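Below, chain A partners chain B and then partners chain C, in two separate complexes.
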Partner chain A sequence: MTEAVAAVEIEGVTKRFGEVVAVDNVDLAIGDGEFFALLGPSGCGKTTTLRMIAGLDLPTEGSLRIFGEEVGMAPPDRRPVNTVFQAYALFPHMTVRQNIEFGLRMRRVKNPELSQRVAEATGMVRLAGMEERRPDQLSGGQQQRVALARALVNQPKVLLLDEPLGALDLKLRQEMQQELKALQREVGITFVFVTHDQEEALAMSERIGVMSEGRLLQVGTPREIYDRPASRFVADFIGRTNILEASVESASTVRLDNGALIEAETSTPAGSRVAVSLRPERVRLQPHGTTAAEGSSLDGEVRDITYLGHAVVYEVAAGPVSIEVRVEGEVGEPFAAGDEVTVAWDRGAAAVVAD
Partner chain B sequence: MSGVVEVGLGRRTRRGLAVWAWAVFAFLYVPIVVLVVFSFNASSRVNIWGGFSFQWYGEALRNDVITSAIRVSLIVALVSTVVSMVLGTAAALALDRYRFRGRRALDGTVYLPIVIPDITMAVMLLVFFAEAFKFIDSFGPRFTLGISTVALSHIAFNISFVCVVVRARLDQFDRTLEEAARDLYATGWQTFRRVTLPLIMPGVAAGGLLALTLSLDDVVISAFVSGPGSTTLPVYVFSSIRRGVTPELNAISTLMLTASIALVLGSLALQRRRASASQQTQIL
Partner chain C sequence: MGPARRSSPTTGAAGEEAAALARRRQGMLLASPGALYLLIFFVVPLGLITVYSFATRTSTGRTSLSGWNVESYRAIGDDIIVGIIGRSAWLATLTTVLCVVVGYPFAYYIATRPRHVRAVLLVMVMIPFWTNALVRVFAIRFLLGSNGPASALSESLGFGTFRILFTPTAVTIGMVYSFLTFMVLPLYVALERMDWSLTEAARDLYASGAKAFWKVTLPLTRSGIVAGCVLVFVPSFGSYVVPDILGGAKTLLIGSYIARQFRDARNWPLGASLSVLLIVAMLVAVALNQRSGSGAEDRDRPRPRKWGRAPDEAEAAAVAS
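Here is the complex of A and B:
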């Protein structure tokens, strides 16, 4: 990615709406053919970032390049990108075919090529036979496919998707996740999609950029983001986690605020205040007093047990802190509320995050 | 409904209310029925039935003054409708989308012609034309009241009505559709032409029909600003009624009634289509 030209390259981009800073000095490079997710809570600036790539909003400052070409201030019709809008924004007064043709007609593509490309796109999203229907005669999933075909028929270099699955129900959403991934492999172009759903981002994308309050906090593979969150916000936002206050003792140990010394790799200098993120499913419960051969442990008392069907969640009080432990695939509940237990985890399960 | 306990009004009260409703209905519509029936009266006495005949329709259409008035009415109605559709839609778009100096003031005053009394509007326009002519005449050409001042006056109030109807339509308009068009390489004009206009068209057309009806109906304003040879049909009817009601007037009034009903029904049909179209966008 450092060698080849990035599909999308954002450099020092800031977007202000009056006094409000929607996007704050963001740097980001998205590689050619990558499936990239912009993830964050609503109002974090992810949609504004996407809209700036599309040309629907213009950056206040900074530079934006698509395959090396500066497009920061170019109108949407001069960019090799197309967008799948959140609620699809299909033209209600046009048929499926007219919707899909729209971009080609605007670029004056003539007929043998026009109908051939429309047929190709229609087939790709499995909408053949529905060309003469109107959007309101289609189900949510079919409308989604029309929106995809309408964008892809233009053969954009980058496809932008704004919460593409947000309007679908859970089951359809999981199906479409697989379909979108397959589609992306098939067309081989860069997909940049915006979502507030962390599971969706983890499941679908090759890399994720986590945003909050206009800033890009961390960019990495789903595994990096989940296992090695760079900040307290990222750790907390992606999945569930236990955040324990601590200070750095050495490069391989930190001391929790309840006095316990645990093993954790960190590059933060000794003495600094940090937080330790401990995923509920990466820790286990043991009878009180048993210590692990390696890794770290804490003693505590079971406060509460929540049965979720596929998992059991124990809430363990270890001094002033409370730790959530998630146990899956175990028959019965070996511990009851009030039991003295030891919470243990392997080396590497605890991640030190900066404040 | 058997087995359901009826709560509320007793039987007698309900019957009484039904009679009342019919009485109100009769009060509204009997005069219209009388007018229509007597327009087909063969007798020249307005209030005595002398058999069925189309005679008075024939007489009315042979009367040069009446046909000229009909022609003036139609020209004024068509011109003022087309012009106010264009200007009213443009005003609605500007008020809906742009923040400009004086927008608030304009937003408040664009509806003024709808609420102020016709007679005020009529006097206002007459004074305006008198002053404007004085100014224009000082450069040489001479203008007088005529068909063009009637048309201008109708445009002046019709713009407001078109603007109101189109804005109601724009309120429900999903602007991401325009963004989608821009994203699919449409220029600003193409976006308007291919996406915005077709979607607000039911509103524009309904506003246009309303304008057409109002223009054909107007008496007060037209009477003030028309000159010799530019008498509209309603003004003619109003002035000749002082010489007594003639069967001819019944016939003309019936014609106007028919035209108005047709236009209102057309407008309602368009509004209904508009409503179902907006339901569709909501489903989207």
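Here is the complex of A and C:
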């Protein structure tokens, strides 16, 4: 991201519905051409944020700019953005073609250009030949494509997508993920993509904003979000993790509540209460008593083993805490329930998260 | 459902047929009291009216059920009667149009309120409907009378007294008031079913508020408009009470004219033939509504989606085009 003007710039935006604070003082800048995901559990304010960008809801406070232009209070038809709605919202009384043409007709685009752009958009989402059907004569995936074409044909500066894949079954969903990603690269339009599916967000987007209870907790690349979660909520929400209570000992060590001293980088002052996030797939199981040359380890006992096909998950009790260890690509199970083991991990695998 | 429930293909088909027959029989049984009622109180009088329309009026004003003829139908061509029919049709049309104009925003307002407010507003719409029609029309007569509140208001505003009672205007006001409920309810049903994310989508696609209404809301509530129009037009066309109480000699409408034939004029065949004409006209109107209305219904209501596969006809049509 260069220092060019942001595609979408949200500053101190709050949205209240009566007593409910749906979006709480959010600051966010989304770059030109970026594929940005807004991720969070149900009811955290993702849709409301998107609707404010679209102009379907007006912010109670704060300012909102699209390519530098203040649009906070502008009606939706005066914004260079288009939306793919959660349930598509295709016009049931119009054909696929009429649906796709709608935005262009509203902006009085005349015929040679109109039909050319419609044909282009229809081709782009692979709907050629279905123009005369009505939405109820299409499959879920096809409807989704119509919704995409209907938005993209307008060449918006920003495309907003509200859980566009939510209604599709898993296989189609994965296909569409790839398609959407390719499409975004092709058209180069900024995509703001709302999802509550963390895997989808990690797989598709360049950057992710994690929301909870109306607040934007962390913004970063998928890797930053996954490896360096800024808070306990983010660590827990994205993927599976072990959260261990601890207090900071020094800038490079923390002491777990069970007494073990482990290596972990932190800028939190010594003595602070923190939590340590340890991803199950970033830790190893070793025979009891073997210590690693570098990194840290904990001794424990195998409590439970879950076979997942592609991986084996061990639950290890290390004193009062329980640690999940995920082992992939190993033939057989070298440890059995009741075995004394050592859980070890490399330096950098443990992330200190604030409360 | 389906194959799992069938024990074997042969008994399965037979069993299904038997079940269908039983269902049909049960349906008939359930419908029979209603059917009997309609037969006695609707079909029989209708038959009698039809019979009378072909009878002869004697010089003393009695009706002789002999010498069958179509004289009374021929009489309908009379200028006076044609004029009355025309005036009735015009007033009914005006009433219908006014009901749409007044009723649509009203229904829209109700349908867009929060759920609990909606219930209250709907009851308020229904209250006049539950009140005796005669009482309501007399209330209007009082309101519009030259000694009534409307006139007093007009006078106090310096417009002078106001003489609209016994004019077509008064009849129209009374009819709009009487039949507005028939317009508001179907419109409300259509608007309440409306998926507002569609108008939001239209706004998002650069439609102004008005354009979004025109292109999306209105077409999607068309079935409600059509149903409301039929429900208002049909009774206003044959309306008898309202024009009788609010109208003067110049606003003789077909309903009153028919009543007059049966009472004062003692011309039963003419009254009967006009009634037959009216009924036929209404049946045609209802049939037209059924056709266009049900067509609209199909389009408005999201049909159960056929995930992953389109109906064969549509497929074929798409390929052919």
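Convention: the second predicted complex is superposed on the first by the 353 of 355 C-alpha atoms of A that agree within 3 Å, B and C clash if a C-alpha of one lies under 4 Å from a C-alpha of the other, contacts with A are read in each partner's own complex, and residues count from 1 in each chain.
As a convention for this text, contacts are C-beta pairs under 8 Å (C-beta built on N, C-alpha and C of every residue); 3 or more make two chains touch, one makes a residue touch a chain.
Quantities reported herein were computed from a predicted structural model and do not represent experimental measurements.
In the three-chain model built by superposing on chain A, chain B clashes with chain C. Of the two partner chains placed around the shared chain by superposition, neither chain B nor chain C is touched by A:218. In the superposition on chain A, contact is made by A:76 with both chain B and chain C. Once chain A of one complex is fitted onto chain A of the other, the partner contacts of A:277 are absent, as it touches neither chain B nor chain C.
When the two structures are aligned on the shared chain, A:139 is found in touch with chain C, with no touch to chain B.
Counting residues of chain A touched by each partner, chain B versus chain C, the larger count belongs to C. Legend: residue contacts after superposition of the two complexes on their common chain; A:87 is shown touching both chain B and chain C. In the superposition on chain A, contact is made by A:130 with chain C only, not with chain B.
Taken together, the two structures place residues 54-56, 75-77, 82-83, 85, 87, 89-93, 102-103, 106-107, 136, 143, 150-151, 154 of chain A in contact with chain B in one case and with chain C in the other. The touching residues of chain A, counted against chain C in their complex, run 54-56, 75-77, 81-83, 85, 87, 89-93, 102-103, 106-107, 129-130, 132-134, 136-141, 143, 150-151, 154. Considering their complex, residues 195, 197-198, 200-209, 211, 215-216, 219-220, 299-300, 302-303, 305-311, 314, 317-319, 321 of chain C touch chain A. By the touch rule above, chain A contacts chain B in their complex via residues 54-56, 75-77, 82-83, 85-93, 102-103, 106-107, 135-136, 143, 150-151, 154.
Contacts from chain B toward chain A in the complex involve residues 174, 176-177, 179-187, 190, 194-195, 198-199, 277, 280-281, 283-284.
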